[in-house]
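In what follows, a structure is listed as structure tokens, so that the remarks can point back to it.
The first chain written gets the first letter, and so on, giving A, B and C; residue counts start at 1 in each chain.
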Amino acid sequence: MNLLEISDLAVSVGNQPILRGIDLNVCAGEVHAIMGPNGSGKSTLANVIAGREDYQIDRGRIALEGQEITTLSPEERAHRGLFLAFQYPIEIPGVSNMEFLKAAVDSQARAAGDPEITAVDFMQMARIAAEQLGLNPEFLKRGVNEGFSGGEKKRNEILQMLILKPKVSILDETDSGLDIDALRIVANGISAFTNTTNAVVLVTHYQRLLDHIEPDFVHVIANGSIVRSGDHSLALELEEKGYSWLEND
Amino acid sequence: MAGTDNNSLDGLVGGDYAAGFVTDIEADTLPPGLDEDVVRFISARKDEPEWLTQWRLDAYHGWLDMVEPRWGQVQFPAIDYQSISYYSAPSGDQPKTLDEVDPEILATYEKLGIPLHEQAALAGVAETQQRPPVAVDAVFDSVSIGTTFKETLREAGVIFCSFAEAVHDHPDLVRKYLGSVVPRGDNFFAALNSAVFSDGSFVYVPENTRCPMELSTYFRINERNTGQFERTLIIAERGAYVSYLEGCTAPMRDENQLHAAVVELIALDDAEIKYSTVQNWYPGDEDGRGGIYNFVTKRGVCRGDRSKISWTQVETGSAITWKYPSVVLRGDDSVGQFYSVALTNNHQQADTGTKMVHLGKNTRSTIISKGISAGQSSNAYRGLVRMNPGAEKARNYTQCDSLLIGEKCAAHTFPYIESRRPDGIVEHEATTSRVSDDQLFLCRQRGIDPEKAVSMIVNGFCKDVFRELPMEFAVEAGKLLEVSLEGAVG
Amino acid sequence: MGLVDAASVIESLEAFEPRYLPWLDRRDTLALLKDGALPRPNSEAWKYTDPVPFFDPQDDVSDRRDTTTIPATPSHTVGFESDTVRELVTTYINQAVDQRRYPLAAISYLKIDCGVVIHVKPGDKTESIELGELDGQFQRVLVIVEAEARLELIETTTGSNRIVECFVAPGAKLRHRRLQPPGTGVDYNLVAINIAENGSYSLSQYSTGARLRRNDISVNILGTGAEAELTGAWQLNEALHLDNQISVNHMFAGGTSRQHFRGNVNDRAKSIFNGRIYIAPNAQQTNATLTNRNLVVSSEAEVYTKPELEIYANDVVCSHGATIGQLDTDALFYFQSRGIGEADARAILIKGFLNEVVSHADGRTLLGIET
């Protein structure tokens, strides 16, 4: 079944076209990688799917589980199971990670008409997720991304994913800023999370994350279009040759 | 893609002011106007001794020669002091116990969530264990209508009563300390208060006594066209400790009403006074009509060595707030603290801050101020840190942060720092920020709606101050921020 | 603080007959002073400095002149009285000065007896110009740096009253180095700068005090990409007095300002600093910072500092900080443990403290100041 379906999506900022007709189908149980040079539109795609308001959608549609979501607010998309791991995680001083996550989990429960999880159960769940990512549980008491190192911020994004259990996770450059060990921990966390009912889209410039999480499909974006799709071998080819040979096609 | 477009933040304004109702009771209210006879009337009505009548009259005459201060970063039309009624009290005899109080008034406090029945309050304890009882002095317009837990407190030697009662029952203490921290001629509004103050709270904690419960006064303005001029005096003897809370509300009305209070705190050797305020006077409507002018003088003196005075305030109400809770650090090793959250929305204006005057050796002060401006409001921090020549090795640390929500609000910082000590250390930092589109988007992407997100972000911004509040006040303050911010984001 | 006798100030100004530049239109300025621009009682701008000596109408008629003398006239520099610059003078004068806010500049304009224009034409990458002493009681310097031009101005102020107005056109760059030797009298200085889009102005000022010295600086950010960087250091000994009042006004979106001022105050000296950042409504995407640090050495010295923010736009990043403190005792001990005596160690540390913002060594050599 198609979890995420994007067809002929064209997006601009101001009058500057960024995406020029993207088609992408992501089914349950799949891992996709979206690669491309800097400025190709990868991050724009990720942000537009999540509902960021700074972009103008010129045409095309984005559907989650068959339902059009382009007119929905970011929180409504989140309630339907869409998750974006930010390339540059945002700091919210004074608001603890725990408080923030609980608010997010409660919002989702309310939207789904489910009862709110108790504080005790929530703590338990958060602790387990933190340990899985090699984070000290004390980490949960700190302000959201406040004074976190680059690696901690990225791990915090994955922590949120593990707790919110989205259907479609878009991970925007989650590998950047991670050292080798942290990369392995994060990759293991993501791998353990994937199953036959959810899907992960990895947006990345480099192929090194893909050494740890083997993608089912690799797409290359250049100048706002998907110029090539293939399997993992495409990523390896890019690693060897760089992006310029694609752009010159 | 850090968007600069702020449309997403405009428009969540117009929260409900839950305390905006009027209690329909018979009241004895003086006709508007102020002259010597009004001052004498108030004094006579309270059956005051001659010295106090004279004290008021001296203040009144001094006031006549003073001019309204206009240096604050606030704007308001000229106040007609002859159009205000200076005394209003529920009709009938002053109730002697809470049982005699008009049920309508009791219902008012109940509606506001203030427990006036000791039994009820105690039952609450049994249920939740963690909520210790709070003794309450309830001031309704110009008079105190009752004080709870007096007996319990008396056993501990603590005096907690209305100011009027204190004048009768503890005249020596009142005479010794009244005006000793805020002199009658201190400023225009303090002078006015000294002439016409009607009631307020009095607290005396004897030597080496830790007050067994939190004390609080709940101020309510009910009557139309009246001003409220209360006076609070708190004395902590050597080694005493007291935590005092103050709350304020008023009905929604189109005209402005004046509230000009004076609070004096005295801490002797090793004493500590913790004074917390949650100020939620009616702020006026979305278009800036109505609301309270909150022109208040609050000052404490750390008279003894190693004494400590701490002010914590959460200011969300009033059309205009003009107050600078201050500490005079006279005793050696004494400590002054000021923690403040001031939130302005719509057309509210606030000019608030503190003065820390270091006189004694090794005196230390901390100032943490968080200003939040939304709508078309104006929010200023104004502070003074002064190290006098005798303040050997005095230290101050100040952190002033402003958060701006919306494109039409204003935030100002005016810290005065004066040092005449070669070994003093003063550090002041100030920042401004806004609720960024990025923060908002992060919250929304995680499924949190924008209103909740903004209130969460603002609460986070205020955390350093809320930490200083007693537990239930901190919770109340957080909720109050949420309500006051309604409509600030869209 | 004393009270300025406005009536007698106005009276003496009305009676004043200018010999220098009689063609300047002085009426508006006089009207403005009559309209209440003179300091009132409890004036915030004169909280810590007595304004009376500054407004004292001490007019030495015998000393008045009709031409400007510049000891060694640098290039690009012409006296106001020259017909070749009359149009420039009338076009630019007072365009950067808010005379209502700076009444001493208004009085100085009325009584001007010495004026020079430094004019750098569009695209001209001039080397540095050194403006030495000027001979006059009420001096005015107009610095006009046209589009895409460059100028480094090195200025030494002398006692008396000097108003410097700088105009930095689009894309132009003005680097302003300013030295203020100690004075014995009462002196007033105003530097007023207008910066257009993508223009850049940097001030590096090294000051001492005078019996009474007032330094006003007013910067107007008038275009996107305009930048101002103000740095200053001062060292006050004996009974010197220095009152710095700075206002950086962001009138337009997308400007940047950075300010860093440091002072070392000794003996019975008095240091006053007021640094204001003003952000007008709509001046979004402004980035403004201010730091003032003071090192106090003597028990008789007085330090007053007030960094101010006045903000009417929300999408801005602003911060300020001020400190008053002493030399780091650990650093002192470290020096002493290496055999450096305490007095020497202090001198080195103070020099280092000031050096971090303005080259202290330069200032010292040029001014011949002892630490």
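Please note the rule applied: a contact is a pair of C-beta atoms (placed from the backbone, for glycine too) under 8 Å apart; a residue touches a chain by one contact, two chains touch by 3 or more.
As the structure is a computational prediction, the values presented were derived from the model and not from experiment.
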Note: chains that touch chain A and chain B both are none
Chain at maximum distance from chain A, centres defined as averaged CA atoms: C
For chain A paired with chain B, centre-to-centre distance based on mean C-alpha positions, whole Å: 48
How many angstrom lie between the centres of chain B and chain C, each centre taken as the mean Cα position? 42
Let me have the rounded angstrom distance from the C-alpha centre of chain A over to the C-alpha centre of chain C, please. 53
Give every residue of chain B touching chain A within the complex, in rising order. 1, 3, 5, 8, 436-439, 441-450, 452, 456-457, 459-464
Contact footprint of chain B on chain C as seen in their complex: 44, 281, 284-285, 294, 296-299, 301-326
Spell out the residues on chain B that touch chain C in their complex, using ranges where they run on. 4, 6, 71, 387, 389, 402, 404-434
Quick check: in the complex, which residue numbers of chain A touch chain B? 13, 43-44, 47, 50-55, 73-75, 77-79, 83-84, 86, 89-95, 99-101, 103-104, 107-108, 111, 143-144, 160, 164
